[in-house]
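These are the structures, in structure tokens.
Below, subunit A partners subunit B and then partners subunit C, in two separate complexes.
Entry: the complex of A and B
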């Protein structure tokens, strides 16, 4: 078997394919490290970060665990050493010695000295098997799931759509990317963006409870939008432009707080004075925003989940001016980069991002195992054998160290580091869902028969994006609504990607709700259907029923009944919540020091921070190593002429055009080394308003071998 | 040849580990053979242009990068592929049996209109043959796939495989441009003047 590959020690094991985990895996492999990337699931992204077909989603929301099993639901390391070993491995489940590990791969002639790279490897290391919690006992981020099938009156529309399960891409945690955010910069600088396709979000809107029946209104996305908008008076426009100018002036300083020389002293003085105070108060009292303007700035642009009167919605701390200005800056700087709106949507779902980073990891020799069936974690309790801890009543040893995993087939997979998603290592009992500070993301996914937005005139539509493949059966709506002077972009509404912000208390919703509407054009649904995502965050202790939380919004926009309805009909719906932040996760004392648990990734803003989180983990494990330098552009890889390929290792001497000056590839027998020289590429400096065209230029003569 | 007739084709390779997928690509793209399969490290895909019947095809060939070994291939791998080559080795019956699995996998995750080819690799090892050509041809016909026996070692039939595949590609699936509104996140700025490099050669 090829399993000797698994038995050679790795530099890091990554467990779970959430986005942070995948970025860490890619960065490690890119730096030439041996990476083993495992996921017990048969899909990428993790339960909270996955993108699923209609059929798959049902299983993810309400998983049916295989009837197991074993033992207690605690992670007590020594309390039940044999409990997790419903394995096919017949070895004793007590302490293993180093020698035992080496012997397992009988044909593996690797030197024993390399098997453990810990400083203590000169002396036998006691490895204890710590059973992993069984699937049914593990922490699972999704809860309170309800799936509702269509009413009989809509069943006829639903049936043909349901048969196209695979044409749905349903994100458990739908997230747009700001065009100018660190994750986008990372996708560009690492070249991982090449694997992905994004669609610009077509419209950013906000909902208002009055006038009743009004469609969501567009958020101004440019100076021209502001000045042409009929929604504001002159005074509002001036106040808004002054606020935006203030943010723009602060932008460079926020990026580089050490250099204040470029900032207008007045701007800096105001910022310094107010930065730690409440954003809402500052906008109201100092910036004199009218209620209407405040509404747009707070909710639609800064996505502040607070009452506009300054009353706290919850016990969460109010957003500060510093945080708020940062959000405004992100929004503003993202405008116009790829489209007029600031957001990008990952075609085929957010899990594509994980897959893209995993692809890079694999391309750099990372090993991938999906449906990994792990039996237990190997833990060494190397530290002083008789510490006072032993006398304590607790079960934890003084300083347990992660050493590796044993799977159910008995493979020992060793590494000095583990980066893991909590859902794969923590027992459910370790995560306090009912902790007063635990935050859940409440979710609804609705499949409807058409957009909540009215169609615009057919005349305009013809002038719009002609490439929209989805020719919706929407002609009848167009004629019905053609009189509506909608200021939206001139396209078929079903072909648009729309972000709608629904401020607190608009339709009975206590919190700020984000609504995302997607159709076939975004790869989210078959033609003739739309997918609507509703998302809000709340303290788990305060709001636990997603169906109730979104009830007013759903009732406002949708019908559940006759297809002849004026409003879109909900054909299918799922309600659930995703645990986003539970303090107990971080406080898990039992976790060995060389195990890094990634934060659950469900919050809407968190995707903007994944790059930093991944980088922090990478720097901790591999300090001083370059973090995801640009991967070579395949078009730039030069292939040696076959005649030169005399030795085995240099048959493919891949080198970057750009790197060849700094590191002549001929000196290197390791393709990776040559590739790493691409660090010399200058960091991407991106011009405002650029729109990347797909490069269709012919192959340069240098990138191909001489034709024979 | 006018540049108008250039067609970009994404092709993905499938088949069990060790059947010679990477060797096949390396033979096609660089006309070389390399015992060390690690040689493809760092190349996310390989490109090669091929002219068949006055039509220029620019192949973008995706190798599995080992992700097939432990069931780790991602849906992204198949995305927008116009063609797939499923490889087995004629000297290992088991790798032929696995074809059915890979065809099923493609039907489940791949584009519905993907053009299939089956390559029986290592045809230079005739003495160790375990899979007869007739049996393989019959299976290929049953799933409407092109069938060729190849040798990455001797280059036998490798070019033919891609030429025959090119002829099978329907006009629309290869000429299809990316949806106009799609954004690709690539760094456009450091456009290295390639002429300099040519001068240095």
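Entry: the complex of A and C
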């Protein structure tokens, strides 16, 4: 069954299991399309979006192919020196163009410049084989990695923890989900959420440099928080509440800009008047926020990476009122949906999200090949009357068209569309890390022995107060009487999941830094250890040393010395950066029109745009199809037609195009497809129909092996 | 696609619901008839006890049956082999379930109160915890607050800890008349001025002002805080603000109090700059001006009254009345 399944052309091939790619795969399969989902890695999420054990992370950060790491950071300027200099228009050449230029046919697919004409003479189409860049030459998003082992004084504590490598879940890109965001709505509406477990983030905090030695303060954002906060004065309370109600009033309009009837006209008038102006200016001049309040709103709630004077730090333009209000609304509307805080944390790592969508895809008969060993891409360069041009008429007809892949054993997999992660198709030379617009996410992962938050005082609990004192240890004396108890039950700080926003210039950090401290609730580390993630964004050309970028913060909160010290001790640490947005990737002019490269990871500490991105890609490929409607419950599925083999062939025919016409040729020339299916890949998920047919629980096994 | 979704039609769902409902109704009516027949026949037996329980757990609002049930229980208590404590305990557990589903039913709380009077060894501590639990679910259930005050009295809980409890509840959500009310009852008991028991220690009064002002600034529309504020003003030394009907306003403010009132007035003026239409802010600053120095603020008081009539036309007659009264006071003072 599997052989014939592989030989028949697919509607779409998805390469890479990043979150966007996985959502697209799930949506396509859900819409009844034939989906082939490939990933050369043996884990979900791609290198930048994966969740790893301690040992695995070491391998991902410094992969076995050291060449790729060095080349990703240094090869670009040498390959195209012009791109390294100030000229921005120069586009680095890609392997695809290189391959197209070099016309020396070679029999061996390993050779980087071989083009093979498809041997099937009966085919009207000419398919070129463009070799994919070898692993060592491929673009790799992670660079500048340094892993630091503990000092001798902490080695005793570290040794037993290091032996529990598999108890760690370390995210390369740790990200929380706003409770009311598109991605959460999608998880609910598509029923993918039932494959996942989330924990509410226990506290949202912000840091400030004064008073010195203060623990991070809770971000006041609900009415009760504003009321009991001692962080600012009476007038500030009113100003903040007014701003918050302004945003709340505007919420429905931002969701549905066509319908202004639900919004107070005064609110709308102010918004339309200022929406394109600078957020900082508006907050200061129009909304009369005091510096103290501005600090909280700007950094802790809107997470704006700008200096207090409004100078943007990791983008070219300052945030507008429209963008800022959107962020505030996002934050506020998420409060109270699942917990007091607006954020959810995916248990067992963010890669679980990718995996859940892959599972849905597999449930709807998507085919999976993990550790896919692809040799080359099949490209049809001849103009064809029936290219997938219906959907992308704007593309030039003479541009090459993606037709499929050939793996190292010569098996053909064909589809009219490819959705791919850049890291699997682009050579390192195609990505200019030092491009002036390139943005990297600087990262640090620390394993510490306890929380940066002080333990809850026992006497506070005895007094029957669920203690605010836990989060406000530096609060003034007077607050002890009027503002101690908070609604949250007392929690051991070492168990909590805490988000801490560290605004620019607080502890020598140039940029806004998100600190995520994962306690026992997150299940990210074995007992006795905590995981701390530090994240910030920067122009790659300006700041590339993560160790230095976080130096002040780490020195402020942590010690590297003996465990007897007052502050938590860093037991193990890793510093690296992830290339987040390189314009060269987007400007791939030579990429065939029917290849869609997914943007690399969004790097802020939340996942906001993936759902929209995936939807845009899906709509481009399958216009008019429903996007991820709710998957039915297994008990609500009735089984009446056993003839599933032919049921979807008509739908297929209509979407077939030139590339899939090549299917008969490939199947005739590749009698070994069966071997591929049984040999190199895990049992294909074609079996899903049967699993679901037995009407077992919703959780059907994906064919992808769990990374271990 | 291997299967398709099975969806019940709306009519099918409705029909199933209807069936369920009529079944329930029949059972209820049957029970009801039997219980009332026994009640009329004055039968206080075990069957009646079981049947009332059955019926009341479905509908606790039938207070006649709670009375009936209490009669049955009293009869049972008289039996020689009856362990009253256990009996009460069982009934309390039963009630707990009822209250959980109907937390605002008068008869349930009433029955609970009666039970604890009957019990030889009432566990007040447990009752107090129970009210805390119910108030966590709904912090504004006045039945529960009422019961808590009763329990706190019987359990002789320290006033201070109850005071802190109200603080906690107000911090969760300050739109809570019950919590502010309880606070206003506790405050004079804990912080009464030694010299004059009708007023409150100034140090504590200032703290209270801070707290309630915080609420007023956070949400000027919320009147529960303003009510408490007004009550507080009446509790200060020599400030007869709470009762504006009295024409005998004393004007010998102590310098300390005057200072406090001036600063409060200043704060509300700032608030009014941000919220010029806040009725409560206007009214309260008017009362403050009245207390500090009525004659000096004459014009401002009168414009405030006009403003109030404009922003709160529903109560314009009240403001008219207030105006007449204040004018009379002013005239009297001028003579």
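Odds and ends about this structure:
Simple rule for what comes next: the second predicted complex is superposed on the first by the 517 of 708 C-alpha atoms of A that agree within 3 Å, B and C clash if a C-alpha of one lies under 4 Å from a C-alpha of the other, contacts with A are read in each partner's own complex, and residues count from 1 in each chain.
Quick note on the criterion: a contact is a pair of C-beta atoms (placed from the backbone, for glycine too) under 8 Å apart; a residue touches a chain by one contact, two chains touch by 3 or more.
Keep in mind that what you see is a predicted model, and the values were worked out from it rather than measured.
When the two structures are aligned on the shared chain, A:237 is found in touch with subunit C, with no touch to subunit B. In the superposition on chain A, A:344 makes contact with subunit B only, while subunit C stays out of contact range.
Within the superposed three-chain arrangement, the count of touched residues of subunit A is higher for B, of the candidates subunit B and subunit C.
In the superposition on chain A, contact is made by A:632 with both subunit B and subunit C.
Judged by the touch definition given at the top, the superposed model places A:200 against subunit B, while subunit C stays out of reach. By the document's definition of touching, neither partner reaches A:159: not subunit B, not subunit C. Within subunit A, the residues touching subunit B in one complex and subunit C in the other are 364-365, 465-466, 632, 637, 639-640, 648, 692-693. Residues 1-7, 161, 164-165, 167-168, 171-174, 207, 210-211, 213-215, 217-220, 267, 270-271, 274-275 of subunit C touch subunit A in their complex. Contact residues on subunit A toward subunit C in their complex (touch as defined above): 32, 223-224, 226-228, 234-235, 237-239, 241-242, 364-365, 463-466, 478, 481-487, 632, 636-641, 644, 647-648, 689, 692-693. Of all residues in subunit B, those touching subunit A in their complex are 3, 6, 8, 17-18, 26, 29-36, 38-49, 58, 60, 64-67, 69-72, 74-77, 79, 108, 178-190, 192, 194, 197-198, 201. In the complex of the two chains, the subunit A residues touching subunit B come out as 2, 37, 42, 44, 166, 184, 187-189, 191, 193-200, 338-339, 344, 347-348, 352, 355-356, 358-360, 362-365, 367-372, 465-469, 521, 630-632, 634-635, 637, 639-640, 642, 645, 648-649, 651-652, 654, 657-658, 660, 671-672, 675, 681-682, 684-687, 690-696, 698-705, 708.
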